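The first chain written gets the first letter, and so on, giving A, B, C, D and E; residue counts start at 1 in each chain.
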Amino acid sequence: MDPGFPVLSLLIFLPLAGVLLIALLPGRHTRTEWLVQNAPGQPVDYPKWIALGIALATLIIALVMFIIFDRSVSGFQFVDEFDWISAEAVGFNVTYAFGVDGLSMPLVFLTAFLTVVGVLVSWRIDLRTKEYFAWLLVLETSVLGVFTSLDLIFFFLFWELELVPMFLLISIWGSGNRNYSALKFVLYTVFGSAFMLAGFLAMGVAADTFDIREIRQDALTAAFLPAPVIFAFILIAFSIKLPVVPLHTWLPDAHTDAPTAVSVILAGVLLKMGGYGILRLLFTLMPDVGADADLALAIIGVVSIVYGAIVTIRQTDLKRLIAYSSVSHMGFVLLGVSALGVTGMSGAAMQLVTHGLITGMLFVMVGLVYDRTHTRQIADMRGLAHYIPLLGIGMVFAGLAGLGLPALAGFVAEITIFLGAFESQTAAVSVALLGVLLAAAYILWALQRTFFGPKDEKWSHLPDANHWSEFTIIGALMALIVLLGVYPSIVMDLLEMGVEPIVENIETFVSSGAGGG
Amino acid sequence: MSDFGFHLAFWSLGAMTIGGASMILISRNLIHAVIWLVMSMLGVAGLYLTLSADFIAVVQVLIYVGAISVLMLFAIMLTPRAERDNSQNIKTAGPAGLVVLMVMIATMWVAIDTDWGAVREAALTEQARLIGESLIKHYILPFEIGAVLLTAALVGAIALARQDDEDAAIHAASLQAELEGEGAVDPVDVVDPPIAADASDSEASS
Amino acid sequence: MPETIFWVILFLPLTAFVLAGISAVNQHLQRQIPEWDPNYPRSWKPIADQFCGPRLASTPLIIALAVAFLLAVINLIDSIGLRGLPLGIGTHELFTAGELVVNVGIRIDGLTSVMLVVVTGVSLLVQVYSTGYMDGDHGYRRYFAFMALFTTSMLGLVLADNLLMLFAFWELVGLTSYLLIGFWFHRPAAAAAAKKAFLVTRLGDLGMLAAMILIFSKTGTLDIASINALADSGAEAGMFAFNGLLIGQTAMTLFGLGLIAGAVGKSAQFPLHIWLPDAMEGPTPVSALVHSATMVAAGVYLLARFFPVIHASSTASDLIAWIGAGTALGAAILAMVQVDIKRVLAYSTISQLAYMMFAIGVGGYAAAVFHLMTHAFFKAMLFLGSGSVNHSTNTFDMRRMGGLRTLMPITFGTFIIGTLALAGIVPLSGFWSKDEILIEAWENNKGVFVLGLLAAGLTAAYMVRAVYMTFFGEYRGGEEVAPGEHGNEDPSHPHESPRSMTTPLIILAVISVLAGFLTFGGEFQTWVYGALPDPHAGKFHWSWGIFLGSTALAVGAGFVAYWFMRNRERVRSWGVGGIWPIPEAQKFATELFYLDSLAENLLARRVFYGWIARSSAWFDAAVVDGVVNRAWREGLTISNGARFVQNGWVQAGTLSIGLGGMIIWIAVVLF
Amino acid sequence: MLSDVNLLGPELVLLVVGGFLLIADLFIKDRRILMGVTLAALLGSILYSAVLLTEGHVGSQGFGGVLVVDKFAIFFQILLAGAAMAAVLVSTETMQRTPSRRGEYLALILFSTAGLQLLAGSRDLIMIFIALELTSISQYILVGFYKDRWGSEGGLKYLLTGAVASAVLLYGMAILLGLTGSTNLSEIANYIAWQGDGKEEALMLAAVFLIAGFGFKAAVAPFQMWAPDAYTGAPTPIAAYLSVASKAAAFAILIRVFFEALGDDLLAEHWKTIFAVLATISMFVGNFFAIRQNNIKRMLAYSSVAQAGTLMIGLAAISADRGELLGASGILFYLAGYTVTNLAAFTVIILIANQNGGSYDIRSYAGMGKKSPWLSIVLAFALISLIGLPPTAVFFGKIYLFETAVQSGLAWLAVIGTVNTLISAAYYLRPVKAMFIDSADDEDEAAPLPRPSTSVLATMGLVTAGVLVIGLHPGLLINAAEAAVAAIFS
Amino acid sequence: MTIGIEHYLTLGALLFCIGFFIAWSKKNAIGVLIGVELMLNAVNLTLVAFSRFGSAEVALSTQVFVVFIIAVAAAEVAVGLALALVVYRNRQTISVDRTTLLRG
């Protein structure tokens, strides 16, 4: 699909343009504006309206791309590329190359969507709004960049870029032990990137290019590092991001202390970068190592699923609980990937998308509740559904989606992973089934303790969902979750398209390399 | 020079050099140390003579013995008697001894073990002329730069040693801090000295 | 009938759900409007109230169910014409992921047709009943929304033509069950029971999920017909083979066991029965519809659906037979000691479902389905009757009832019919189906038969006890309505329930009486057997011996129970604590054989939550995270400590030059 | 000989104007004129370098092979003059503090710069030594220029350690000279190639002493001890200048000496390992010591040690196929990126200190983000660049250098480098955190601060733009660096 | 035994080491400078030794080198003493084990 102009670059850099706009325009204005119909005298926050406008525009572009994406052709579409660094003599060539395929397109859309959600959920932020929304948009650009980069260096660039807004967003607008959490997040990620960069460079040097489309497995045999080592290096980074046990402890801290919007984006999109990276880079570029590592991946995945779920049950902080549930859920991604088949990998990719929506929604709900109760401690809450029934509906819905209820998005992904992975990873899948039960246990128990139970008078003053932004978010998220739950092929087809070449690649190498290792 | 004379000269001058240097190590008084330094330098100058480097020997005597040691003595004289102590810093002497031992092994090993090439019997003649020619021909650039270097050092040394108007306050503040017993201070406390009120600076007043 | 009709049946309640949902959300929204937006046009509020009021929740659902019921009956008649053979209805691809092709499709055969009628019919009656029972409840609209969703899911479960779709709806009915049990979420017991129900059934569902995954990975298909045909093909050399599909005996057995696990969970069989009695925390119509008539029977339906699979493996069929038989007896024993009328009925439900289970285990496929149907009607009626009682007394505790016989005649009458049907008294519907099951058991498995027979006797006994405590003797005053809840304001003067509640009772009573006669002529068996891959006209057997024996046992047990109840004072004076002669046994039974406390307190709370989860959480915080934090702190300490090197002495700087240089040189020379 | 003077142009401009300034100082009191002249000289030097580049003088040797004008030298000439320009531009406040020594101050900067430029173009041991000493002695004086107790102590320590280091360097040179019989780098290389066998110990001792001497200038651990003290005591513009210019020239001469003179395989294998080890030590030492610093200058001093370690990676990556080009051009590229970034950081630090009563305490930066958001953003940007996060200059520098490491089979070094990036994040983020996240203790500080001088602001703008431009379009600079090193290795 | 280049070089090395030790172990800043001067002398001695025994080309350049070194040494000492003076004015001491304001 060639729209004739660099739509992808526009998509990626539009949020940055928004940042400029926010930076240049004044912070707030007390005049009643044509833009917003607000009560006279109430100040208008320009930044959030600009941020919303830009995020919506990005979402529309993403949506248009999603619609006009050619589902009959595999490979990358909307490719923008030109030589960026070409130091021929020393063999250091970086191409400015961006493109989307079936795998990245849904994730791009998800990113654009969740950013809108993030902006809306931050509607009541009044601390340094200008910077806040600017950083949120920078975050969007960096994540979009990761999902669309076709060059390892650019991938790495955007991967790292995302740290800056995240660090500031968590440590300025966060709560609790936010400085610690922000730093921990950054340090963990950078630790992973250290290995990732080494791996990338080894690949780039061996293949003489950083272009993902041109690096091929056979070139890597000449690498200075053995391919399995490169694989392991890069896997470390993605495992931290995903995250898997035991590299996960940054996640609960970061989630707990981050502001709602950041939690949403963190859980909804940033974690997906890990899964995306595993599929896009590890298995595309090093299929035979990946094929050898399937059992290890499955084991890590299962440990994450079960262990994550068990630890989740003991959490006393609602946000922390959901954060740990992410650990458990992202284990499914690894499990699906380890199947080495189209079904399992599609399921893994689907899990990325659905978990983004579902956990995003969970964090939205918890955030909205937190805005009202100012506590996240489960023990402090009781019977909230009496006073905030609409939020209760949202929370229960999100919770049910989280535990993999059919007709909601999560089920499709999980069942696909199970069905796809069982044949090759029988034992792992059998154990992983426990995760489904445990997920139900922690989510239902948390709901029981927070929303259900007798009325608690101290919450009687709480306002229910009462702002259009809240209705919009909850409604949109619910709609998407149900849509993906009952008609998954709208996304699944794309993911399948994106995954098929990877699997073909694996099969080629596994069959041809069976003798040679 | 006869062989014996050469031997005698080498060993005695060597002993003088090393002995002088060792006495610097031992002497408790800084002024004595400088005098031992002079002796050691003279020994080196003598060794230069044994190596037929007449010009260098002369330069050595002039500059080291004549200029540098006098300069040092002047500097020492500017400080009170208590500061003329030349004792060892016992905290570093131990490790220093160990490291010096290593350096000694290394340098001497290299000196003795290496094959330094053909030994030439004839010494260089007309050294002063040759050196002079070399300096203005082959090494003209280093020579010029050396001149700049000396200028810079001169100007800099003057700038440092000269007590400008703005320095008095700074020194006074330092001494005040010293008197208050601020021995070791966290480097965090480093702050820029105050801007001197300078009427001539047009911008400062505007 | 065209396929569209069935989609209509499925989507009718779904539409009602959407409308009820709008109504329910609107209820909460209205509260918000004043502070929501000052610009909100106030004039909309009455409009919204008018069109999105409580009626929007219930009326569409009842209409939808009525239409659906009508269509289901027409379909049943059609199905009779087709002798229960499956309709050739195509299936639609929902999504694909590699080899996985997920379809949605509808399977219509005799079994489905029967289930459709049962589900729509009972649901319709229960909804009508609910309009009266739930009238005035704060959550009225929410209730109907959930009910609509439940009915949709149940219909979907019944209609599904492939295992995945079946499983999806299977989970959805679990969800609605959860929502309905926890309907009065302000009661901690209700919230806990809801969670427990969901978790326990989900434990069983894991087995079903595993079975599904297994069968998919072995055969690549999830189509029910194909799987059944495969199972029906019979094992040769340990392999089942049909139409290119191939599966080993072990896999087939495992598949069957997985299905049984799912069924055991959903149908509350031992050892996963513990959730159902607690589930009685939900509103009574819910118990009637979800927890007796339809959802819990879904387990039986599942095994019936996959009857060839269960019988392709003797392990599986024996297992389910023994589980069923044991549960039937055990639950009946537990029902004897309950004082809560709904709990009596709940254990009775477990016991009756167990009947169906062992019927399937011993090969009584048609008998099981038949019992499922009859049981649905009379047990729903019994539950509704208990609800009717509750409606006027505000309690389910039978010790606070009594003497309602005259005060609530319609309720009493229908309840008696239900009791007789349940006890298997000829010629009520329960008799025919239960006798058929006992005959099948007698023919196939004597041990199971004995247990079943004992259970039949106990059934009569506990029902007589319940009826006696509720309707006979003196009225013991009921219970004051709890603060914040709605109910009869004057429980000391119970009254008959409103028309909306009694009408369904009467209709159900009529059906309970008549439904058994379907067995005559073998029509029922024909439809039901038509659903199997190898349709052979099964005929119900008749055995005078068993007829007489079971009837005598039931009547005898009933009378014994009646005698005990009448002469309770005298029995007590013998030193017997309750209905059981030995106090220890009594305690053992009232403690539910300690199974609940074993599962909940020991396994869930202590072993899992207290031990496994706590140690994991500790491990996570102290080791996984602790190591990192420790390393970080140590790093800072080292960084701080290392500063002594940079001690400010010039000599340290110069020394390091020499030392560094020397170490390098030595290293180079040495290596 | 006279035509050779043409080749000396860039340095000559500086030396002449420096001399002029010493005299002019006596008559001209206006700071702006003096600074203007200085800047003009530096600009002239840059232009002269450019002229040399375009007028076909590239590759000419002058003064009997003592000096060479190749692209490598020109690259450094421009870089160093640029760094000096920035240092002069931000010296407004410094010169207000020392009104009576302005001429000396500026002249010494010019002399020092000329010395560094000469160093980059030297091909003769004696020239190297003299150039090094010219710049060193100027720097000793500049470090102690405030004559306060920190400055004088820093200066004295710098001088004493520097003197020891140059003595060590000289000993190394003496051995090299005695052994090879020539002061010319290419002749030394010839000797080693033909007659070097069996003399590895001596040659390596010389090499080690040279590494110690140059490493001292580059502030590579374990020769780094002077750096924190000198940086802390020095006037901040001088600290900035030291951290970039001195380091740049030291790496220039390291590349030149070790590639031109000691590049023979006989030795290269050895010093490849040495550089790799030194890189590791430097990175760890610099980063570990930086973590607990509260004085931002001192923190940056240690960070510059770590950065020197990172640069060393390029030196270690020599012996691979394309390692020579890649490693050396990586160093050049990284140096350029590091220079602009560090200058940006220092510029802001100076501005903040000027507003802060001269304090460099990181904790006093609390709430700075509110008080002067632009300064804070620039500083944060510079620090983020120093970590090596995108889209900044150092990010690509690191990637480039790590790639050279990987290509030379030193992937472990790349990993260590990136792990050190992680450690460095811990302290680079501290000021960022203080500025944006912590709030000032008292609200009074929120009062608007005095406006910094235009020249400093301009510098800040320039270097920040530099950071961004290199970060966004590194291709140009990479190609330039590539061309520059090709001159040496062709 | 003839006195050859090794003797001079060894002597130079010894002198260098003594100078090193003095520079490393003296408390007084001027003492450290003295040590440095000894080291430079050792270098000079080494160079002159090469001048005498080495090849013809080296003979001249070493001696030129020595001239430069002596000049630079003088400059260094001048600046060093000036700095020591400034330190003394500030601290009333030039003892390097007491001028440790900057550390850590």
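By our rule, a contact is a pair of C-beta atoms (placed from the backbone, for glycine too) under 8 Å apart; a residue touches a chain by one contact, two chains touch by 3 or more.
Predicted model, so just to flag it, every value in this text is computed and none were measured.
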Exercise for the section: Could you see whether B-D or D-E has the larger number of C-beta contact pairs? Expected result: B-D
Problem - Central chain (by mean CA position) - result: A
Exercise for the section: With centres defined as the mean of C-alpha atoms, identify the chain lying farthest from chain B. Expected result: C
Exercise for the section: Please indicate which chain is farthest from chain E, where distance is taken between mean Cα coordinates of the chains. Expected result: C
Problem - Averaged-CA centre spacing for the pair chain C and chain B, given as whole angstrom - result: 97
Fill in the blank from the handout: Distance between the CA centroids of chain A and chain E (whole Å) is 64
Practice task
Could you put a whole-Å number on the gap between the CA centroids of chain A and chain C?
Solution key: 36
Completion exercise
Whole-angstrom distance, CA centroid of chain A to CA centroid of chain D, is 42
Practice task
Would you mind listing the residues of chain A that make contact with two or more other chains?
Solution key: 187
Exercise for the section: Quick one: which residues in chain E touch 2 or more of the other chains? Expected result: 16, 19-20, 23-25, 29, 32-33, 35, 49-50, 54-55, 61, 64, 68, 72, 75-76, 79, 82-84, 86, 89-91, 94, 96-97, 99-104
Practice task
Quick one: which residues in chain B touch 2 or more of the other chains?
Solution key: 89, 91-92, 95-96, 99-100, 103, 106-107, 110, 116-117, 139, 142, 146, 149, 152-153, 156-157, 160, 167, 170-171, 174, 178, 184, 186-187, 190
Practice task
Any two chains that touch count here, so list every such pair.
Solution key: A-C, A-D, B-C, B-D, B-E, C-D, C-E, D-E
Fill in the blank from the handout: The residues of chain B that touch chain D in their complex are 106-107, 109-110, 113-117, 137-142, 145-146, 148-149, 151-153, 155-157, 159-160, 164-167, 170-171, 173-174, 177-178, 186-188, 190-196, 198, 200-204
Handout entry: Contact set on chain D toward chain A in their complex
Key = 322, 325-326, 329, 384, 387-391, 395-396, 398-400, 402-403, 405-409, 411, 414-415, 417-419, 421-422, 425-426, 429, 432-433, 436-437, 473-475, 478-479, 482, 486
Fill in the blank from the handout: The chain D residues in contact with chain C across the complex are 156-157, 160-161, 164-165, 168, 200-201, 204-205, 208-209, 211-212, 215-216, 221-226, 228-229, 270, 273-274, 277-278, 288-289, 291-292, 423
Handout entry: chain E - residues contacting chain C, complex
Key = 20, 23-25, 29, 32, 96-97, 99-104
Problem - Touching residues (chain side chain E, partner chain D) in the complex - result: 16, 19-20, 23, 29, 32-33, 35-36, 39-40, 42-43, 46-47, 49-50, 54-55, 57-58, 61-62, 64-65, 68-69, 72, 75-76, 79-80, 82-84, 86-87, 89-91, 94, 96, 99, 101-104
